[in-house]
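Paired with subunit B in one complex and with subunit C in the other, subunit A is shared by the two complexes that follow.
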Partner chain A sequence: MGQVIRLFQDYLSQYFKTKLTYRVNFITELVSNLVYELLNLVFILVVFTHVPTIQGWTLYEIVFIYGYFLVPYALFSMFFGFWDFNERYIIRGEMDRILTRPVNHLAQISLESIAPDRLFGVITGVIIMFFAGSKLNLDLSWYDPIIFLLLVFSSTLIYGGIYTAIASVSFYTDSRTGIAPMVWNIQNYGRYPVDIYNNAISILLKWILPFAFVGFYPSAYFLKKEELYGYTMLTPVMGIIFFTLGIIFWNQGVKKYSGAGS
Partner chain B sequence: MIKITNLEKNFRIHQARSGLGGAFRDLFQREYRTVHAVDSLTFEVEAGEMFALIGENGAGKSTTIKMLTGILTPSAGEIEINGFDPHKQREKYVQSIGVVFGQRSQLWWDLSPLESFRLLRRVYHIEDEAGLKWQERLIEELDLGSFIQQPVRKLSLGQRMRCEVAAALMHKPKLLFLDEPTVGLDVLVKQKIRDFLKSLNETEQTTVLLTTHDVSDIEALCKRVLVMDSGKLIFDGQLDELKQRWGSKTEVVFQFKRKIGKEELAVSLSPFECEINPVSEYALAVLFTHDKLPLVLSAVMGSFEVTDVAIAETSTEQIVRNIYSTTSETNGVASHG
Partner chain C sequence: MGKLYAELIRIRFLTLLAYRVNYYSGIIIYAINIGAYYFLWGAIYSGQGNLAGMSLSQMTSYVAISWMSRAFYFNNIDAEIGQEVREGKVAIEMIRPYNYLSVKTAQALGEGIFRLFFFAIPGLLLIRLFIPFQFPDTLEVWGWYGLSLVFAFIVNTQINLLTGLFTFFFLRNEGMMMAKRMIVDLLSGVIIPISFFPGWTASLLQVLPFQAINFTPSMIFSGALAGKAAFTAIGMQVMWVVILLVPIVLLWKLAKRNLIVQGG
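The block that comes next holds the complex of A and B.
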């Protein structure tokens, strides 16, 4: 683990070194990232000013949930950005190289596709949360930032676990599956209060692909929805369970890969 | 150092039926065919040996290398290398080996080789003084100095390949795997890499396993050759032995002063088993086993007036061609691998 953290620093510094060699690129990327995040924010505000409340949830509450969601999402996309896993590692055979290095394979792949520029999402998310929070007159306790970090960490684990499991599907079949885009669509539902959906969808979002724990339930704590605190407390548990599942699935996949090869 | 006993690897391959109807039937009932990519492979290698694994495409070379490097799990049999079981103790084992896949890169595309080396030294925990010194030596011996600061994607194939070799050796492994390392390289670069490998083998006693289609690689580097065909080891021995076994035919072309018929020569060569082919009106080619060379020469010179003699020794390349053609005739279709 210690080695992975040291490697993480190295990969980060390499990332910035390569980015900085192309000055123009770096600046345009910086600007376009900021503009993208701002547009997102404006879009949300525009949509929600037309819909003042959804089943008892006010505009700013929903904006707050969206702000929270952006933070674990940004962290997730920074560390688990191997969307092209199938193409890059299985089809092009880079997985063989990974397996000939003395570092955990998942850690290597995560480090190789690390995308620190996604961290902008954290900033946007925090800004949105403060903005919505001030409109809602939410007050902060001294321990709230700590709880926030814990919840964000857990949400990121849920995200990471689910997408690691999806990436592992590539070990079993080399054809493109529709799973990733499908899950991608479902994850967006986690940004809204789960009780506005019908039963089937809300069960899906709670227990099967628990995206409710990536946005809605953790935010409920800061929005002082006491009836949902039970779910908020469940977030770390779900994080550990789903990340563990993801890793188990991944390790099985690697085993299968070693068994069959190409 | 390397001990391999009864190594086997089987693949189950889905046999797709033809046509749309076939595809539909495949949905419900699939037919599989088991392919023995590697079949009862047994050999041992001493530390410090340089040896080549050759065979046609699909003979099982890559599968074997992948099992030896811990990428693939064997279906049966045992591998012990440097005291490890490659697949079961992967992370510890790979610390002691270096791998160069000619077709793939170890280096980071956007980084300079120097930065790549730095990352690799981190990956393999070698950040001490000795590690740096070793890196200096690799850079010097492979002559990487002039392009070490350029991004890898800007390097020529020859430059990149030399960096690949350096990268694979960064952690000073005891065993180096080279999978077709010289594909597409020019003669000078090949020579440079070979010279380097030789000196590495001499000074560090690094064991080197090479798979290649380039026979000159083998001639330059390896004393020992393993030949695989259809997953089986069909030859394991010295390069000289290989030459004797498959390349034992020597061809001598005699140029005569007058027209000599094939039959006429055959009479005087009747005690020897040989094949005579006409080359031109005045020249005949005689094909026989190498050990009869003096006898044949004296017999022909004794009975005819000869103006010129040309002896064609079979090259290793020809031998390899011989092996490939005879084995695929006797064993039928080569298997997947």
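The block that comes next holds the complex of A and C.
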């Protein structure tokens, strides 16, 4: 573990050296991340100039859920940014190199694709939550920050588990499957209360690809929706289950891995 | 000269045809997005008759057609220009006896034709199975929509050329391209019809070129824009096609002077 943390520092400094070579691009990348985060906020704000509530949910409640949604997503994309795993590691045979390294293979890959600039997403999300929270007059108990950290950590594990499982599909087939971008688009459903979707979709979002637990259910705790507390408490359980599943799939995949041949 | 560009269009079409399987997952992704907004708008409209002059059924058509229009006009020629500048390939392109930007436009058109037949049309028919929306009932509306979509494609390509040209100055430009893609989606009306924007933001969007990319054709298709108003809107699109030529020509002149060939 100590070794991973030391490597983490090295990769971090390496990352900034590469990025700061092209400064204008580094800044426009930060701006474009921010634009992406504000895009959906604009959608919410514009819609609410026409309607008072969306099926009983008020403007600032929806904004709060969105703010929370940004935080675990930012943490996840900082550590699990290997969207191009198939191309980068399997097709180009880089996985062979990873397996000869002394560090845990998943940790090694995670470090190689680390994106610390995504931390800005955490800041944006927290600012949005505080803004919406103050409009809603939510009061904080002393233990709420601890619960927040626990929930965010659990939501990040859900993301990590799902995308690790998807990445490990590449160990069985080296052709592009296109599953990751589909799931990425489904996860955006988690930004809104699941009760606005039909039954099939809300079952999907609760139990199969549990993106209801990366935004809506954890936020319900802070919004004092007591009828949903059961789901909020389930968040850490879902996090552990899905992350464990992800790791199991991954390790199975690594065992099956036979190299791309060249 | 015309034959050369026709050939470029054909080659791009055939190249994409070889990789058409990659586009099947694209259709599903668009369906996922249309689904998300379909449910969201359903929830937003519950208990409301008309919002910003649009009924729920018009909104449903709007959501479906705006994404499927995007399936047609979307392309990555800005990223292609960026890559050719970064790898130094642009030097070879520039000594060839054709105009680099026209070549890129021709390739974009080849991609557009491919996307129309293998992405937008099958996507539209697939979506129709799940989401009940109305096709225009007269041939006239289809005609206006088609014409408007052609200009939408041109304006979008022009904006892509502009972003691509900035790579000549910054060498790496992925950030700006990403930001552009999202801004175009928001301000052209894919995410929300621009008639929904309140107060001064609406008047601002009226004088920007983005509405020509998606809002105009989608409003015509959904029947929210008809008759003389549709005609005026298409006139605006033509105006933008002409206006946008000016910065492209100027930036291209500057870019040629500024070019640094990398790699090799």
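The definition used in the following text is that the second predicted complex is superposed on the first by the 223 of 262 C-alpha atoms of A that agree within 3 Å, B and C clash if a C-alpha of one lies under 4 Å from a C-alpha of the other, contacts with A are read in each partner's own complex, and residues count from 1 in each chain.
Keep this in mind: a contact is a pair of C-beta atoms (placed from the backbone, for glycine too) under 8 Å apart; a residue touches a chain by one contact, two chains touch by 3 or more.
Since the model is a prediction, treat every value here as computed from it, not as a measurement.
Once chain A of one complex is fitted onto chain A of the other, the partner contacts of A:Gly178 are limited to subunit C, with no touch recorded for subunit B. Touch criterion not met for A:Ser134: it reaches neither subunit B nor subunit C.
In the superposed model, A:Phe43 lies in contact with subunit C only, and not with subunit B. Looking at the shared chain after the overlay, A:Val103 reaches subunit B, while subunit C stays out of its contact range. Put simply, more of the residues of subunit A are touched by C, taking subunit B and subunit C as the two choices. In the superposition on chain A, A:Glu29 makes contact with subunit C only, not with subunit B. In the superposition on chain A, no contact is made by A:Thr244 with either subunit B or subunit C.
The intersection of subunit A residues touching subunit B with those touching subunit C, taken from the two complexes, is empty. Every residue of subunit B that touches subunit A in the complex is listed here, in rising order: 11-12, 63, 66, 69-73, 87, 90-92, 94-95, 97, 99, 101, 103-104, 106, 108, 110-111, 115, 118-119, 122-125.
Residues of subunit C touching subunit A in their complex: 22, 24-25, 28-29, 32-33, 35-36, 39-40, 42-44, 46, 48, 51-52, 170-176, 178-179, 182-183, 185-186, 191-192, 196-198. The touching residues of subunit A, when paired with subunit C in their complex, are 22, 24-32, 35-36, 39, 42-43, 46-47, 49-51, 54-55, 176, 178, 181-182, 185-186, 188-189, 192, 196-198, 201.
Across the complex, subunit B is touched by residues 3, 6-7, 10-11, 14, 17-18, 93-94, 96-97, 99-104, 255, 258-261 of subunit A.
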